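Following: one structure in structure tokens, then a few remarks.
Lettered A, B and C in written order, each chain numbered from 1.
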Amino acid sequence: MFLQIVDVLGTIAFAISGVLIAMDKRLDFFGVMIIGFVTAIGGGTLRDLLIGNTPVLWMRDANYMIIISATVILAIVFAKQLKYLRKSLFLFDTIGIGLYTTVGIEKGLDAGLLPIICIALGTITASFGGVIRDILCNEIPVIFRKEIYATACILGGIAFFLFRLLPVVDVYANIAAIVVVILVRLVAVRFKISLPSIYSD
Amino acid sequence: MFLQIVDVLGTIAFAISGVLIAMDKRLDFFGVMIIGFVTAIGGGTLRDLLIGNTPVLWMRDANYMIIISATVILAIVFAKQLKYLRKSLFLFDTIGIGLYTTVGIEKGLDAGLLPIICIALGTITASFGGVIRDILCNEIPVIFRKEIYATACILGGIAFFLFRLLPVVDVYANIAAIVVVILVRLVAVRFKISLPSIYSD
Amino acid sequence: MFLQIVDVLGTIAFAISGVLIAMDKRLDFFGVMIIGFVTAIGGGTLRDLLIGNTPVLWMRDANYMIIISATVILAIVFAKQLKYLRKSLFLFDTIGIGLYTTVGIEKGLDAGLLPIICIALGTITASFGGVIRDILCNEIPVIFRKEIYATACILGGIAFFLFRLLPVVDVYANIAAIVVVILVRLVAVRFKISLPSIYSD
């Protein structure tokens, strides 16, 4: 129940982030709708394709289409007001990343994959919606350039498997992963921490 | 039989539209060939991947490769003459969109998906070949910017399911969908109708 | 055993080519890592998706992740020294293309596909890692513009099936394909041969 609410909030936040970027590019209504969709379900779709879990998630559950369509329309109507909500949106987005990471890991475990592959799958789930969004908008994906985003997912994934080694109920691993992802990202953004540069000049 | 002829014409028209855009970008022979292919079979390929219908369509039926290869070579040879055929090409392309939309919807029904998902699948089948073409050519996809293209597919999809509710043979739903897609697009282009702007400035 | 060594060398060469291009774009560590991965396993991943061979290769065998991660980290550390190795890298890369082509063809045969489709699949395996790399870096894929790259794969694929017609052991077809791919590419690059232009002006 808690997870479902967070899933919906994460989906909404991801869809809104797509709308904001698509509107910056001045795409038409349909373009904004597609970018909203792709941002919200692109990571999960790629995950399902890679593990062969088809039809992919949003085809099996029409709620995704309904929630995202409604979100995109509301976001377009209230586009001006959304800028006052940037902090709340960032929080939803960050919660969404945490949740998507653990969902991806769980799906990997269900498919019998090794922990290192599951962590990659969780990171893909959480980050490739944004990657596809940026490619469709003809930008180099932002997560390749400056955000501690995937790093948060990977650390969350490691936390997940460390907790799995402890003699506690499995759900604690999910919670630990979500908390680590959120904390890493909040701290990184708050203190402007980024990955150390790999360039000497 | 009728459907097969239209399918071939649609595939040819889509391949030619890919060739024309690739040649504008001055890609080499292989690049033009790939863009021709991707434009013609990209939407159907993505559809088959999403519903898990693998190997995807053009791998199961070599006719696609043969038809598209021949089309691309002829289109390159007669590139100059093609500009006099723009109206015919536009017509084939529009018929192709109508057909691809209903094919996508049918495949969704076969996979047991809900109508709203089937309409999305039909729209993906008809429009994502062009999206992938534009991404490979490093452009923001044209259908996100100015064409009533996806809208025609969605309206055609709605017509399909409305006709399914009537006490008529199922094939009428296919015909209705194709007619609606074609009419909406022809009327929109003829009268320069586009989606209402979502931007106030 | 021989094939495994070449596979590892090809994977390493592909990953390094991704790192070099990503560093030219000044992506951050995570971006360079992803581009290294995608270049090395993108073609094989797309192949596995198209034929429905899921979970895709690098999910079933964690060695890919380990080898590629180590390669990317070493390539970043020794980025300056790598430029002195360009010739060796080009050789590994070319060997990798040859190997990836035959692996793709074999997988197509296993899936019961026709020779023409198998050749397309081999070409996709060998070349789409680079295509995805270039798209993620916001470039028109280089193989669409100037390299005899896919052409080498296609000729290698044709050689494969010609040797299959001969009364010899099947492995000779693999070797013939690899040799043809390597020779065509080396000769083309050495003598600056490219596809004849399709443009008259």
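Rule of thumb we're sticking to: a residue touches a chain if its C-beta (ideal position, glycine included) is under 8 Å from a C-beta of that chain, and two chains touch if they have at least 3 such contacts.
It should be emphasised that the depicted structure is a prediction, and the values quoted were computed from it without experimental measurement.
For the touching copies chain B and chain C, the fraction of interface residue numbers used by both falls below half; the interface is of the different-residue type. Relative orientation of chain A and chain B, expressed as the C-alpha superposition rotation angle, is 120° to the nearest 5. Centre-to-centre separation between chain B and chain C, using Cα means, comes to 30 Å. Touching two or more other chains at once are residues 49, 52, 135, 138 of chain A. Of all residues in chain B, those touching chain A in their complex are 49-52, 108, 111, 113-114, 116-117, 120-121, 131, 135, 138-141, 143-146, 149-151, 194-199. Partner chain A is touched in their complex by these residues of chain C: 22-23, 25-32, 34-35, 45, 49, 52, 54-56, 58-59, 62, 65-66, 76, 135-138.
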